[in-house]
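Both complexes shown next keep chain A, but they swap its partner, so chain B is in the first and chain C is in the second.
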Partner chain A sequence: MAVLLRRLAGHVARGFVMILVVTTISFLIIRSVPGDPLAARYQKLVEQGMAPDAAQRAVEALYGFTPKGGLWEQYLDYMGGLAHLDLGQSLSVPGAGVSTVLFSAAKWTVIPVLAGTLLSFLVGVVMGVYAAIKRTGVLGDLLAISGSLLHGVPQYVLALLLGAIFTTLVPILPAGGTADIMIDPGFTADYIGSLVQHATLPVVTYALAGYGGWILAMKSSVVTVLGDDFILAAELRGMKRSIVFRYLARNAILPLFTILALSLGLLFGGAIFIERIFNYPGLGLMLIDSINNRDYSLMGGAFLLITTAVVVANIAADLLYTVIDPRVRSGGEAA
Partner chain B sequence: MAPEQSPPGVRIRGLTVVYRTPAGELPAVSGVDLDLAPGTITGVVGESGSGKSTLALSLLNAVQPPGRIAAGSVEIDGLGDVVALGGEGLRRARGRHVGYVFQAAQNSLNPLKTVGKQVLDLGRSHGVENPRGLLADARDLLGRMGLDGARVLDSYQHELSGGMRQRVGIMLALVLNARLVVLDEPTTALDMITQATILRIVREVHAERGLTTLVITHDLGVVAEVADRLAVMYGGRVAEQGPTREVLAEPRHPYTRGLLGAIPRLVGDIGEAHALPGRPPTLADIPADGCVFRERCPLRMDVCETGRPPVVVSVSRSAACHAVRDDDGGRPAVAAATGEEQA
Partner chain C sequence: MKRLTAVAALLSLAAVAACSGGGTNGNSTGGGGGVYTTVDINKPSLDVNAPINPWNPKGNAFWGYNAMRIAWAKNTLTDPNQFYPGIAASWDIAPDNSSITLHLQPGNKWSDGKPVTAEDVKFSVALAYTQGSTAFAVDPGAAGAASDVEVVDDKTIKITQDMKNPSVTFVRGVMDAFVVPQHVWQSVVPADFWDTLKAARGDGPEAEAARGQIKALSEKVLAFAPAQDVSAGPFVLKRMNPGEALLVKNKNFYNAANVAPDQLKLLNTTGNEQIWNYLTSGKLDNAPFTAVPADVMTRIKATPGNQVIKGYSPVAVSLAFNQAKKPYDNVHVRRGLAYLINREEVTQIASPEGGTAAVTTSGIHQKAAREWLGAELDALEPYKLDPTTADKEFAEAGLQKKDGKWTLADGKPWKVTIHIPAPFSDWVSAAKAITSQLTTAGVDAEVVTTADYPLYLSELAEGKYDLGFWLIALGPAPYNIFQRLYGTSNGWNILGGKVKHSAAGKDGNWMGGPETIDVEGVGAVNPGELTAQLNSVSGDEQKAVIAKLAKAANQDLPVIQLWDYVNTQFVNTNRFTGFPEDESDLLRQPSGVWIQLGMIKKKQ
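After this line comes the complex of A and B, so read on.
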């Protein structure tokens, strides 16, 4: 337990520094992007025939603020706000805080991507074990080939393909959006059914896109462990097949947990292509919009969210390892 | 679960094990006859690739693919012909009747489980009704071998030294009261002190529990230390066998003589030790006909090219060599005249 806490403390400290550095860098990068949203708005109003003074006031009224000071002051301002968990105001969604925008988009990313990742993990791992054990047979080969194939096809191709099949050729699924707009949102069977229906294509795409990697990783991991002495030793000691299988599976899945934890961290990055193709208003789509709209604060917030998620996932992966692998656990004690 | 009255004997007859290779099925062990007398320690000595480990695995009918037992039988008292066993029957025999101890350098334990948990898994696999009793037995066995049993049962593999792991391996082979124990290279990769300890333990445990033991090794010293009988393997065949003392004191097969001649002595000139010329055959270049040792043999004759050497038996010993004659007391006929200078 003490080991765990000491590790955790170290990780949190390092993670904090990491987040600070990334935030600073992304702040600088975003500020050096050409373009000024307020100026652009002002320009637009003037072009529409508004008097310059009135336009200036309208812009100020719309956003509720105008940036003041130089780069350094803005930076201090921004970091000060972050210290109070204030991510600032969105520029493209007037009047809304960045955190509000982020969280409303996050739910459309996190839940489907999480579902897709876990689904592909489960199916891929089970199939990977099977492909490894039957690696000399036809079925094992087919499974491995299916893995390589799906692993090689880009996500967006899969998305377009599935979209074409299930919305055009066999139109049984909706082409985009999160739910039927004719149904009132609420905790009703109709609405939830519609949500599930709309989420099916994105989730299946995530799952298929991930599946290939999992099956290949699991297969090679199982083959490696199969060659380990302790598996033969267990067999020669007359261990039951089920017990030998558990030894095999637990040892083989170990390295995959790290990949899983890391991929869960990346899930906040959103799946830009898939969300765009299925017009799913998640973080990926939001990020594109914020870039198109020069919404600096929303961009900064999105980057911060992604960074934090990745750092947290890293910490979680390491702590998970400490729990499930005794070698790592006592390694910390001995050192 | 009382142990049987007497330790089991083993009779290996005409054992042939082949490995499937791109060049066809090649024999790693061919036509081996070997008896393990009840209650004795038999040592099998050979270089890498001599087929000794394959022979050891055959005792559990556990030759790994692409290898398979192509012919012969391994008759174990109380178990029957192991080669004919399969499925659940074979699984139950492993561990319960025949204990197998892995080479110390191999990691024979699941790295994610404590030793104690693996003892319990073993008990569960063999339908042991009293797991606590089994753990107590394991603790006693480890204690007998000079370890802190309770602590070792609570340890993971990575927390144990090589010598400790080897004792854990011996414990796991014996804890179900197997009376036939196969030790594959029990001292390889251990330091000298630990080697001596392990060999002492093997001897003592063998005597105390009334076992029949087979020790596979490349080290004649190990065999001299523990074995009652000795079999020398070369190229998948038994070159010579007999009581350890007699074979080491008066080797008949030119290969055994060569092996003994290659050992440096503590006293005397290092130059007196002569390595055998050439290299042992690999699976691919084992000669199909004639004597497998002829390429390196100082006594090579024409007949060695074509005829498989006859097994010359005298009293309790046998040697497979054309040059060994039965009638003059089993001495190599040529060696008596010229063999010594050649060495």
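After this line comes the complex of A and C, so read on.
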């Protein structure tokens, strides 16, 4: 336990430094993004029919929400704010805190991507084992081909295809949004049904897009483990198939856990194409919007969230690996 | 087995829930008036975190639906001072434009039951001062600013213009103001606001400090978030999710009896393709102006109930020159290029449904140009496709033709590089068509796309581009129209009521045109000063200035006018009727204005 705690403390310290470094680099990159958000706002107002002088004054009113001072001063302000868990104010939505905007968008990304990732993992792993065991049969070949095919098709192509089929050709699913606004939000069958209905296409797209990778990785891993001596020994000892299968799966799945943990960390990155195609307003769309609006605080907040999630996922993966694989435990505990 | 059962149960629940969700769509239409579904052109991208605030760029106060102006501008071809009623039922404008007296809608109430009064309007004017507008500007010497706001009685308010520097757009500036309930917004403005404003209108350090205090309020106003929507419009915001906003009918609205829909759904969109999908599936009762490719247009038209309405849109697109760069400082080069561009072909490729090829370059949309210039429009050089004249112009500029290709005067290669923001697909298509035409005529040309519009505007203003696309003719106010050619982008700024010219590359001057132009039949003119005059002159004098400026633009070509936009909208008559006809001035207002005026009726 002490070893585990020591390891955890080391990971947390390293993770903190990593977040600090990435945040600094993100800050510098974001501040050097060219483009003037206020000029774009001015043009929009003029194009909407506002007189140029009035548009200029309206834009000046927004100036209070833009970062002030030199780069170093802005950096210190930003890091000082972070120390107090204050991510700042959004420029594109004056008055809204960055953390409010982020967490409001995050729920519409994390739940569907998590559902899609876990679904693809479960199905992919089971089918991968099956494809490996039956690798000389037609079914094994078909499973492997399905994996290669789906792995090779870009996410946005899948999304467009599913969208065209289920929202236009056979319009049984909604083309966009998160829930039917006509239904009162609450813990009711109607509302939950609407949420599920609207999330179906994004989740299925995430799942199909991920499935190919999992099945191929699992098949490859199982085939490797199948050749190991301990499987042969188990079979020679006449162990039950279910026990052999458990040995097989437990050893083959180890590398996939690392990938799964990292995938979960990347959840917060959103899936820009899928969210755009299904008009599903999560973190991906929010990030694009913040870049288009040169909303520096919001961009910084989004990158910080993504970085933190990846670092935490890395730590979790490492610790999990220690728990599930006795070979990597240090200090001879594995013996 | 237990796990399998659990998974099966979950899937069943999801399936049942999905079915029940689908069923609700059909049963949730609310009251007898039905649900009107549309996209808000001003805020197509919804944001649940934004406050219900008309001044906030993403605020969930939707113009015409739950956000009300004093009146709604008709944006006619030539007169910026024509309006449909809004918070004001009628108005009296002084003959010399020195004041406007507003008569508010009798019996109009906020959605919470309190009456809409002249005090609400005065309070909203105070808020407008913090955001800056034409009529409510704090800057000393600003043209067309109000000098006094007087509540005459509960339903009447008089606003007087500062006649030291009057503007013909004063009335428009007043009418464009949003009106919000004082009892909700009270805390935002300090009680001594009007005293501070009075001090701000003077000179010296005290006035400067007072102006600072008013400007400091701007952030507070922009960020203010009322706990709930209190609207004087036909609808009140009930709830939102990231994909949709639901507004319900405001029973206290002055014309509620004639507002047909009981509910209004605004859909979130982040791109035109989503609007196309909504239109193809017949979901939208109205879609605002949307660029649509020909094949998509065919699909949209094939959907039962869908109809296309077209009208005037006071916008044109042009190819603008950076005259600080050679050889575009030479008018003959600009003219030569104008003679090589087939505008009909470009428009047909780029915007077949949403544009009409420009008849010439005048700086004005061709429909408004006909009204302003009359027969003089026909006297302008049309710059029709004419490679022979183009060759003569290039030769006049000293360019050389070698092996069928035009080079610079010193024999060095010449390449026309047109910059375009990548997300504007119609502009990209147009630029490609132009470069193809130029290349065929022996002018080496290329299109370079810029990642997005903010970057494009930023680099354009920095003078990084030789040529770029630029929106012009933003009418109907004549000053607004010509400010696009002879305003900040070309070196002229109005500071404290005085016109100042900055050299190319300074103070936002990226067009780099000459300060004076010798116009044939007119003489030497300073187009920036003429443009500034449009703020104050009216009648025949205004027409004379416009004619001079149109001639100057036509002769000097700071831009080549490519096409004039057509306001192409879509309606679906399956659920509602009474939509505006083709060419109606209401097409330039959101459908909330059509609804509040009582035009839209539920289909029987």
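By our rule, the second predicted complex is superposed on the first by the 295 of 335 C-alpha atoms of A that agree within 3 Å, B and C clash if a C-alpha of one lies under 4 Å from a C-alpha of the other, contacts with A are read in each partner's own complex, and residues count from 1 in each chain.
Everything below uses one rule, namely that a contact is a pair of C-beta atoms (placed from the backbone, for glycine too) under 8 Å apart; a residue touches a chain by one contact, two chains touch by 3 or more.
Given the structure is predicted, the values throughout are model-derived calculations rather than measurements.
After overlaying the two complexes on the shared chain, residue contacts for A:I243 are found with chain B alone; chain C is out of touch. Contact with chain B, but none with chain C, is seen for A:N251 once the two complexes are overlaid on the shared chain. When the two complexes are overlaid on their common chain A, residue A:P326 makes contact with chain B while staying clear of chain C. Of the two partner chains placed around the shared chain by superposition, neither chain B nor chain C is touched by A:P154.
Greater residue coverage of chain A by touch, when chain B is weighed against chain C, goes to C. Of the two partner chains, neither chain B nor chain C is touched by A:G10. In the superposition on chain A, A:L232 makes contact with chain B only, not with chain C.
Common to the chain B and chain C interfaces on chain A is no residue. Residues 14, 16-22, 24-25, 28-30, 35, 42, 45, 47-51, 53, 55-58, 73, 75, 130-134, 137, 139, 142-143, 169, 172-173, 176, 215, 218-219, 221-225, 239-246, 263, 265, 267-271, 274, 277-278, 280-281, 314-315, 452-455, 457-459, 461, 471, 474, 477, 479-480, 483, 487-488, 494, 588 of chain C are the ones that touch chain A when the two sit in their complex. Across the complex, chain A meets chain C through its residues 34-37, 39-41, 43, 46-54, 56-58, 60-62, 64-65, 90, 92-96, 100-101, 104-105, 108, 167-168, 171-172, 175-183, 185, 189-190, 192-198, 200, 276, 279-281, 285, 288-289, 291-294.
Every residue of chain A that touches chain B in the complex is listed here, in rising order: 228-230, 232-241, 243, 247, 250-251, 254, 324-327, 330.
Interface residues of chain B facing chain A in the complex, by the touch rule stated above, are 60, 62, 64, 91-96, 100, 102, 106-114, 121-122, 124-126, 156, 158-159, 169, 172-173.
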